[in-house]
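Multiple structures follow.
Consider the two complexes below, in which chain A is the common component and chain B and chain C are the respective partners.
So, the complex of A and B:
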């Protein structure tokens, strides 16, 4: 038989937000396909990708919702924050305007997600250092003031992309270990899949269901 | 000499003597040995010994003979004994030979038997191999068969055996060519086993499906293979898939209701219904929830269903579970919203989700049908409310002022139109045909607005009416011109403007004729021409009297020019016929060109 498709123990839901053209879809593509997607078209609404990662010896399936940055999609994309366990908030280090809009994105993220949602600030396009418009120090300060984790990444070279996604997963996993995140409800953004152990009375349950149906 | 010789030879004595004399004793070795031997025997050479010599020798010879005799008798005994033994031996040998011969005869039979057995053994061995091969190819052991009857626990072993049974069934076709009865029998057995196996598998699959009741369930590792096998049995796979769909449908509905009314654990995220006061948010949240859940559900189904089609079938059925719940709520939103802009936004959002969710389900999935219906309802409600808004504006019965600019009611309608077009322009619908969707919208909104403008204009004098309508339609034209894909409607509006311009041009021309009192051709006479001449002179001095004062209310300069130009051209044409009339002798002094220059 092929590799068991169910061999992961958690599902974490992520959302990627940020202005148009900061490279959200490219980050996702780099993370899921390990490739840089040049000439990436504007995202229409939302798209999603998945990848199974390993954190603390646990296989975790990341279900990542990549939202459109265009303003006109805000009404639609805001509905996707619901139940996200991780939010990657992306700006473009070569365009200050995308950095300036962070507070608006952060407000959305705080208002529309759970208090436990891990919000990760990403300064993308670190390969374009020559055109840098936002210093690392400045963003670090912003992250610190707002209690965010921060990394500069490059979807083009792949630098720090893994780290950003994995660190988010580690933090979420930590919250689970602490007990601050409740599991097994689709709405909490994290789901735990118990290892398949046969339970004796399992036979009875379906039979009961059958009768009642 | 001869006689002498003859004498000697003839006398025996002499011959003897001769012989003795010729004896050379000292040279006779035999004699020497004999003498030496004698020396050993006779120690002393005296008479006595010489006399007794013979006797001695004879005695000695006798003694020796006796001794010899004794020795020989012993030898004789031994020889006799030997002889006896040899005889015995010979006897034994003879017996042995006989025995050997017998043994050999017996052995011959044995050997024959052995080689026969050997041959038999080889053939048995061969048969054994054939049988082993046959069994390995055509036989299912009772233990294996028992595996196929288990429906409580299906694992890889089950599938290995089932696979084997299927292979055997296949192979029987080869067997049938040579061993028909056996082949048929085995085939029948295998078919029976397979049937049993499929029944077990079906039962097991149904039970497994019934277990998948949690939000993100844990399907058994064999489930995929189970479904794959069942693909061979149309009725079984359909029943299994529908069981699966039934179970997951209930799960999805439960999850949906939970999200709507209870939200996440501990109330975060909040229940979706909490935002029901905000129709766009409420509708969007519900549909986004569905999109995400259907995507996850598809992921789950893909992990164990055997084909794309089966995933699609099940997912379509599963998603239908939430249809009613969704329908009631979205219809409520639509019916409770009376603002046409909000309705258009809701429709945009519904359309967005329609195109987002559609790729996950089959085209004819009930949920997709429902969402399109909801969109249609929403659009109808929008149309209704838009028409209502416009009719409310027309109810004001506002008459245009003397300036003939659009009434405030019309301005409001125009404002509403702008918002609608903006809303459409920034809609989130991934438009496959932006032209079609814009025309669809314009078809709905332009009609009522034109009706509104006609209604307010119809109470006006013809000139005012034409000017007013041109002004209104131009406004409308200018608004639409700022948006893409409006060309067809713009053409229509332009046509209407042109029509009104033509009417207005004719009116203006009539006015010019009236002002200058130019008579119809058949009534031309000198008297009338002189009236024309004086009136024309006056008018040319003060050209405003020639000009319909309402035409100055045309908001577009080019429309004013067009009317003036059109009317002037007609006027000059008439004037030209006038001056060519025979009655015109020195009455109309100005040439048509001159008039044309003056009218410019």
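So, the complex of A and C:
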């Protein structure tokens, strides 16, 4: 019997990025609460959610930061990328403009996170297939060209939401296993437990976000 | 045929694992101890340390949802064999009825009375013989496994478990306590085997307590010693107290009390089978009624003859010289926090080899069995709940708005707007404004936030005031479009961040404009009614860089100085007394719109002059000429030369101010002005270093600045 069979041994930090209205907060809500939030207000700031998942028999606490998508906040939200182990980059399959902006989001994600950060491309609102404006094939191609993992999800029905978050965790865990991700490094977005509770920024707590700035 | 496998051959650790059917094993009583961790600064300490406890507690609360009760028949036998060899078969003793028990526990006392055994605690050949005899006497047609046995000198305890049940048994431990001579030698004392059946923890204790009629208190003490000192697996925390069921068997040696009745009378009653009257004098019942021993234990009704002392080989009470009084020395009691029923409690007179008769009891125990699938479902729910609680326990807040728009902010005129921050959660939270990445301060110099951090109790509201105030320092950070734009990060400690957008614009003003621009604007910089439509089209006054200079000095400067010239020449303490903010606002509006200057105090106009001169992005003595001017601060000819190299309009402003100050000084007999004071005040306004100077440097340069100005106040200067 493990000493702590119900407790987690890792913390992974995620960020969710993408244009306004693509469903970032709804994805977070669906993942943490298993519910769809109709009439979700625009996020004016950065929301924060957690859930403990199991990957390869490891309990992992996901710390998810859901950022405001509005262009005017772009400069501010950039400060939240630092130390993310996973980045979920979301567009809306019914609005091409949100897809067209991906390269700009990707540039930010690449520049502001570490090279091992797992970037997951999510085409959300797959339940609105009739209003589709971006084909799955072209998004797949885009993902392939840029080395991203890709899934179409629906925050409304829950389709693939679990998979996207868990697959990201699996990839991060893989990076830890093969040694490419340095545990507990400030930039890695991954913390291993049990370890002495660190009061510094390595804990990745919102409270300490600015300590090392 | 009994399939006998010596289960004891395996290592204890492996055994515990091998017999454990449920890896996620739950202990019932020690949960309150787990996870009493120190509280960490983060609100999530329970997530880090206490989650384990929380899950355990929740599982315990909901155990009925995923456990079933399953009956288990436990046969317990106790027999003081008086050191005899096993000459009788034990079949009837080990199968008291036609239903074979699931668990068979047999306790012997005085198994081996040889001095070697007593002193050396070595192997006993008699033990092996009795073990063989028991093996042969186990119920037929059912396979049993020897779970464990333990011997303390003559006290032997053996536990058999039906083979079909072995997978439900786990955590098998043994323990013993000596209470004999010096509390060391094991001629008296107790042994115990502890094990789990499913989730139920059971201990069997076999004890031999102190002998003789008068040793009641000694027996009580023996019991207490055994109960409190028994430890399993050398683990201090592993005691009899945290068992669900304790079954206590043995030669407890309590007699029929001879206090109120003679031995003769006892013997007579016993021979007539008068059990009831005799039991009234049973010492164990007496002591238990007084709560002196075996508190919380239960014993079934005794319907059998005293089990001691017989002439060996007979059913006759002792006729030897000692002529011991008959007594119920051999007893079985239990203590249980789950359902337990005694089905049969009897002695076995048929066994005659000892001076004691064996006693047996059949206990029907309800053990708790885990339904693994149901448990997983409950566990999943609990974990999900905990995740939800973790998210719910994040600070919950509501802001009445996240956008503040300040229309038409005027220079030096504070505008305030509040935002209410409400705590809509269940715990208090801390908030603070934090700087954006690569920023040092939390907001622009034109904005003030009060309070910048604080704590809000559940349900309470905090009013945060945002004040826009544009002074000369803030003016320098505002671009030519005069737009005010800022995003503030309001951080809830351990929670989310809000972005608060503050926007607005600065109403056009001559303050903060370049001298070289102002002299090219002949019209008022702002029309009086301009406040109305200013939002649509910022009233940018076009400055044509190519156009010839229209004015010698900015007309706004002329307006202020002219006003002072007309009203303040004989005023004492000019530039020493502060004006009123409202007056200064009136002066600002008057010079910006070419309206009349109407103030309550002349000093407000004087202060406006200082503020106006101080507001120029490039000071009256331009930055590039500042070092030279400091160098020549005592050399008037050179100072004049330095002045000649400056821009025409800057030089004019300087000359104009100095001429005005000389005019004031010319009336010093009435206004009591002096050149030294004025050069001090104006030195720091007309000359300014481009970069802030360190304290000690600033002190010496300040003196040079006033010296520079002083030359022009004490000498006529006109070219």
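We adopt the following convention: the second predicted complex is superposed on the first by the 185 of 213 C-alpha atoms of A that agree within 3 Å, B and C clash if a C-alpha of one lies under 4 Å from a C-alpha of the other, contacts with A are read in each partner's own complex, and residues count from 1 in each chain.
We adopt the following convention: contacts are C-beta pairs under 8 Å (C-beta built on N, C-alpha and C of every residue); 3 or more make two chains touch, one makes a residue touch a chain.
Please read these numbers as outputs of a predicted model, since none were measured by experiment.
Colleague: Touch check for A:63: first (chain B), second (chain C), both, or neither?
Modeller: Touch status of A:63: first partner only.
Colleague: Examine A:191 and indicate which partner it touches, taking first as chain B and second as chain C; both and neither are also allowed.
Modeller: Touch status of A:191: first partner only.
Colleague: Just chain B (first), just chain C (second), both, or neither: which does A:32 touch?
Modeller: Second partner only.
Colleague: After the superposition on A, what does A:113 contact: first (chain B), second (chain C), both or neither?
Modeller: Only chain B; A:113 stays clear of chain C.
Colleague: One more residue to check, A:51. First (chain B), second (chain C), both or neither?
Modeller: Second partner only, chain C.
Colleague: Using the superposition described at the top, list the residues of chain A that contact chain B and also contact chain C.
Modeller: Touching chain B in the first complex and chain C in the second, residues 1, 4-6, 44-46, 48, 50, 72-73, 75-76, 78-79, 82, 193, 203, 205-206, 209-210, 213 of chain A appear in both lists.
Colleague: Quick check: in the complex, which residue numbers of chain C touch chain A?
Modeller: Residues of chain C touching chain A: 23-25, 40-42, 47-48, 51-52, 55, 379, 383-384, 386-388, 390-391, 394, 402, 434-438, 487, 489-499, 501.
Colleague: For the complex, which residues does chain A have touching chain C?
Modeller: On the chain A side, the touching residues are 1, 4-8, 32-34, 44-52, 61, 68, 72-73, 75-76, 78-79, 82, 193, 197, 199, 203, 205-207, 209-210, 213.
Colleague: Which of the residues in chain B end up touching chain A in this complex?
Modeller: 152, 156, 207, 210-211, 213-216, 218-221, 224-225, 246, 255, 258-259, 263-266, 268-269, 272, 280-281, 284-285, 287-289, 291-293, 295-296, 299, 303-304, 345, 349, 352, 356, 426-428, 430
Colleague: Please output the residues of chain A touching chain B within their complex, sorted ascending.
Modeller: That would be residues 1, 4-6, 11, 13, 44-46, 48, 50, 63, 65, 71-73, 75-76, 78-80, 82-83, 112-115, 182, 184-188, 191, 193-194, 196, 202-203, 205-206, 209-210, 213 of chain A.
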